Amino acid sequence: MMEIGLNHYLVLSTILFTIGLIGVMRRKNLLLLFFATEILLNSVNIAFAAISHFYGDLTGQMFAFFVIAIAASEVAVGLGLLIVWHKRHSNIDLDALSTMKG
Amino acid sequence: MEKYLYIALFAPLVGSMFAALFGARPKTVIAGLVPSTLLLISLIASSVLLVHIIGGGEVIHVEMMTWMATGDLYIPFGFVVDQISVTMMMVVTIVSTVVHFYAIGYMDHDKGFNRFFAWLSAFVFSMLILVMSDNYAGLFIGWEGVGLCSWGLIGFWYHKESATWAANEAFIMNRIADLGMLIGIFLIYWNTGTLQYEEAFAAMPGLDNATLTWMGIFLFIGAMGKSAQFPLHTWLADAMEGPTPVSALIHAATMVTAGVYLVIRSNELYSLIPNVGLFIASLGAFVAIFAASMALVNRDIKRVIAYSTLSQLGYMFAAAGLGAYWVALFHLMAHAFFKALLFLGAGNVMHAMDSELDPFKMGGLGKVMKTSMIMMTLASIALAGLFPLAGFFSKDVILEAAFAEHHFIIYTVLLLTAGLTAFYSFRIIALIFHGEERYKLFGFHPHEAYKFMLVAMSPLLILAIIAGSFRTTFFSVVEEILSATEYHIHSHVTYWVMTIGTQLFVILAIAYAYKKYMSRDIKVPDGTSKMENSFKYKLLINQYYIPYFYEEYLVKSYRELSTVLWKQVDMKIVDASVDGIAGIIYGTGEKTRNMQSGNLSTMLKWMVAGTVAMLSLAVVFGLAVRYSDEIKTILSGLGV
Amino acid sequence: MFEAIAFYLFSFLTIAMFFITVTTSQALYALTALAAGMIFISAFFFILGAEFLGAIQIVVYSGAVMALYAFGMMFFDTTREVKEKHGNKYIVVGLSTLAALLVVAIFAAPIVSDNITALYPMVEGAGNVQQVGMVLFTKYLVPFEVAAIMLLVAMISGIVLAGKKMDLSLTLYSTAEIKDMKKDQEKKVLS
C-alpha cells in the first residue's frame, strides 16, 4: 500500500472516468453536461502522465498536453453554440433538444 | 371387358359430380335424374360383367395406375372382378338404382335435393371401390369413403341437432374401429410384404398362428365398426335420423355389409384361424338375439327395421365365422333386397303420415295404402324365412350349417332369433296396416306414394321373391373361390324335422303377432300400463342402457379430458409460448425504439452501454488470446 | 512515504470534488468543485514529475476554461438551482460500475507483462521543461502547429457565435455608411 505503483494511478483514473460517465448519463442541463465531459478528459490525462512516468517515456505527457489544448478549444466552441441555442429557445434543458428524432 | 369395369365404377362418380354442380341451387329434377340414369348404366355394365363371370369367363384384373411405389411398398389402384366382387357389385347397383329413383319422389319437397344426390352417388362410388379393389389399401379407401358419405347422409338435415349428433356418432365409432383395421392391414403388410389379396393370401399359410390370429382379430375389429357388431352397435339405430332412402341404401344393403364383405374376402385368412372364426360366429349369434330383443318393444318403425338389420348382420357373421362364406354372401345378397324393400315401404308410410314414426298412432292403413302393404308384408315374410321366399334359402342354410358343424348353442340362439324376427316384423305390419284406424284420432290424412316410386320399388319385390332360386347357380359360380361346402345333415329325418320345425315356429310367431296387435282395443301406450313399467320393458326400450353407459362413462370423461387439454395445455402453454415469442420480439422493438428518440441523455446512456459491450469483447478476446493453448486442449478433449 | 500520503490525500480530494460536480443540484457549487478538482489534478502531475504539464493544467484549465464557464453561467443565469428530471438511476449506476470493472481488468492485463518499451525515452539530467521542449519542437512539431491553427479557429468561432451585430463588417465600411445601411433596413421592415 505504501509503494505507489502504476496500478494505483490507473485505478484512480478509472474511478474518475467512472464519475465522469455518471455525470454524462445523469445531467440534463447542457452546461453541467460540459462539466462532466471535462472530468472525463482530466481522468485520461492522469492516466497518460502516470504511464509516461513509470515507463520513462515522454509520449504520455505530450498526449496529455494536446488533450488540454483540444479541451480548451472545445469549451470555446461548445459554449458559443450553447449561446446561439439559448438565444433561440431560452432554455438549455437536454430533454427539449430532440429535433434529431429518428 | 375392362371397359365395362370402368363404366360400372365411374358412372356413379360422374353422376355425383354432376349433381354437385347444382349443390347450392334450389331443386332441379335433372340433378336427380342424371345420377339415377348413370347408376342404371352402371347396373347394366355390372350385369354384363355378371353374365361374363357366370358364363365361366375368367376373372378380370386391371391395374389403373400406381398409387405408391416407395421402397418395398407397392400399392396400385387396381380392380378385380371375380365372383365375390361381381355379386357385391350387382347388389350395390341394383339397390342403389332403385333407391335413386325412389328418392326423386321421396325428397320431392326437400330443399337439399341436389346435394342429396351428390352425396348418394358419391357413396355408391366409394362402395364400388371398396368391393372392386384388389388390395387392402383400395379397400380401406373405399371404407373411409363410405364412412364419410354415410356421415354426410345421416346428418343430411344438418339443422337438426339430433341428426348431426347421430352422424358424428356413426363416424366416430367407425373411426375407432378403423384403428383396428389399420393395425390389421399393417400386420398383413409387415408379415407378407404386400397388400394385394392374391399375394398376401398366398403368403399366409407360411406364417405362424399367433400372427395370423392377431391379423384376423384386428381386421374383424374394423368389420365390427362398419357392421355395427356389439359393442360398436349404437350408431346404427341412431343413424335412422337420416332420410329413409339413405337408411335403405346404406344401413340395409351396402355399408353395413362392408364388414361382412371384408370377412368373406379374407376367407383364406380366416380359414387358417378357426378359433377366431368361432369367436366371430358366437359374437354374431349374440348380436342377432341381442338386437332382436331390443326390436320387440320399440315404438319407432325405422328403429325396429334397423335392429332387424343388426340382427341379420349377426346371422351373416355367424355364417362367415363358421366357415360357410358362400352362405354369408348369399344371405347378404338376399337380405339386401328385402331389407331395402322394407325400408322403402316404411318410407312410404312415413311420407303418408307426415314423418310420424310411432306405429301405435297408425293402424288400418292397409285400406289406403294397398300396394305398400303388400310389398311390406312380402318383404317381412322373406325376412322371416318362410318358404318359398328368399329368406328361407339363405337363413335356413345358416341354421343347417350351425347344426351340421355341431355348434348347438349357436344353432339354438339363431333359431330363437328367427322366431323373434318373425314376431317383431309382423308386430309392426299388424300395427301399421291392420286393426282399427287409430290415425284418425291424430288428424293424419295418409295417401299412397307416387306411382313411379312404387314402380321403382318393384324390382326389389321381384328379387325378394325369386332370389332363393338363384341358390344353386350361385353356389356353382362361387365355389371356385370360396371354400364351398355343402352342409349335409347326416340323416334325412333330422333335416326334415329341423326344416319343418323352423317353419312352424316362425308361422306360430307370425300368428301370435297378428293376434296380439290386430285386436280392436289397442291403445297408444302412454307410460301408465303395467307392462311399460316392468323392468324387462324398460331394459329393452332403453337398449339395455348401453347408450346411457357410453354417454356417462366414456363420452363425459373424454370430454372432460379434452376440455382440460384445451384450456390448460393448448391455451396456456402452446398459445402462450407462441404469443410469448411474438411478445418478446415486439417488446424488444419497443425498447430499442428509444435508441432513436432524439433525446441526447438517452443516447449518451446507449453510448456508455456500447462502450461497455466493446470493453467486454476486448476482455474476452484478450483472455482467449492469452489462454489459447489451454482452450485448444480442452476443445480437443471434447472431441471438436 | 510522503509520496504515498500526498497521493492518497489528493486522490480523496479529487474524487470528492468531482463527485460533487456530478451530483449537486446547485450549478455554482458544481462549477466551484470542478475548479478545485482541476487544481488537485495538477498536484498529481507535480507528484509524477511532469511539472510543465502541471503548470499548463493550472493555467489553462483552472484559469481559462473555468473563467469561460463562469461567464457562461452568468449568461445562462444558472446561478439558481437547476431542476432536472432524472431517469432510471439503476441503469446509470449499473453501466458505470460495469465500465469501471472492465477498464480495470483491461489495464491490469498488460501491466503484468513487461514488454513495453519507451518510444521517446527521457533523458537523464535534464529538467522536465527542457525535455518537453526537446520533444515538442522536434518530434511533435506538426501537431503543435496544427493545434495552434485549431485554437485560432476556435477563437474566431467563439467570437462569431457569441458576438452581437456580427453581420456587418466594421473595418470595411465607415461609421456613417453603417448608419445609412441600418436606416435602410429599418425602412424596409416598417414598410
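In this document, chain identifiers A, B and C correspond to the written order of the chains, with residue numbering beginning at 1 in each.
To be clear about the criterion, a residue touches a chain if its C-beta (ideal position, glycine included) is under 8 Å from a C-beta of that chain, and two chains touch if they have at least 3 such contacts.
In this text the structure is predicted, and so the values were computed from the model without any measurement.
The leading chain pair by number of C-beta pairs in contact is A-C.
Put simply, the chain farthest from chain C by mean CA position is B.
Each chain gets a centre from the mean of its Cα atoms; for chain A and chain C, those two points are 7 Å apart. One simple way to say how far apart two chains are is to compare their mean CA positions; for chain A and chain B this gives 89 Å. Chain geometry summary: the mean Cα position of chain B and that of chain C are 95 Å apart.
The set of chain B residues that touch two or more partner chains comprises 601, 605, 608. For chain C, the set of residues touching two or more other chains reads 91-92, 95-96, 99, 103. Across the assembly, chain A contributes residues 21, 25, 27-28, 95 that each touch 2 or more other chains. Looking at the complex, you find that chain B touches chain C at residues 601-602, 605, 608-609, 611-612, 615-616, 618-619, 622, 626.
Considering their complex, residues 596-601, 604-605, 608 of chain B touch chain A.
Chain C meets chain A in the complex at residues 1, 3-4, 7, 11, 14-15, 18-19, 21-23, 27, 30-31, 34, 37-38, 41, 44-45, 48-50, 52-53, 56-57, 60-61, 64-65, 68-69, 71-73, 75-76, 78, 82, 84-86, 89, 91-93, 95-97, 99-100, 103-104, 107-108, 111, 116, 118-122, 131-132, 135-136, 140, 143, 147, 150-151, 153-155, 157-158, 160-162.
If you check the complex, the residues on chain C that touch chain B are 87, 91-92, 95-96, 98-99, 102-103, 105-106, 109. Across the complex, chain A meets chain B through its residues 21, 24-25, 27-28, 94-95, 97-102.
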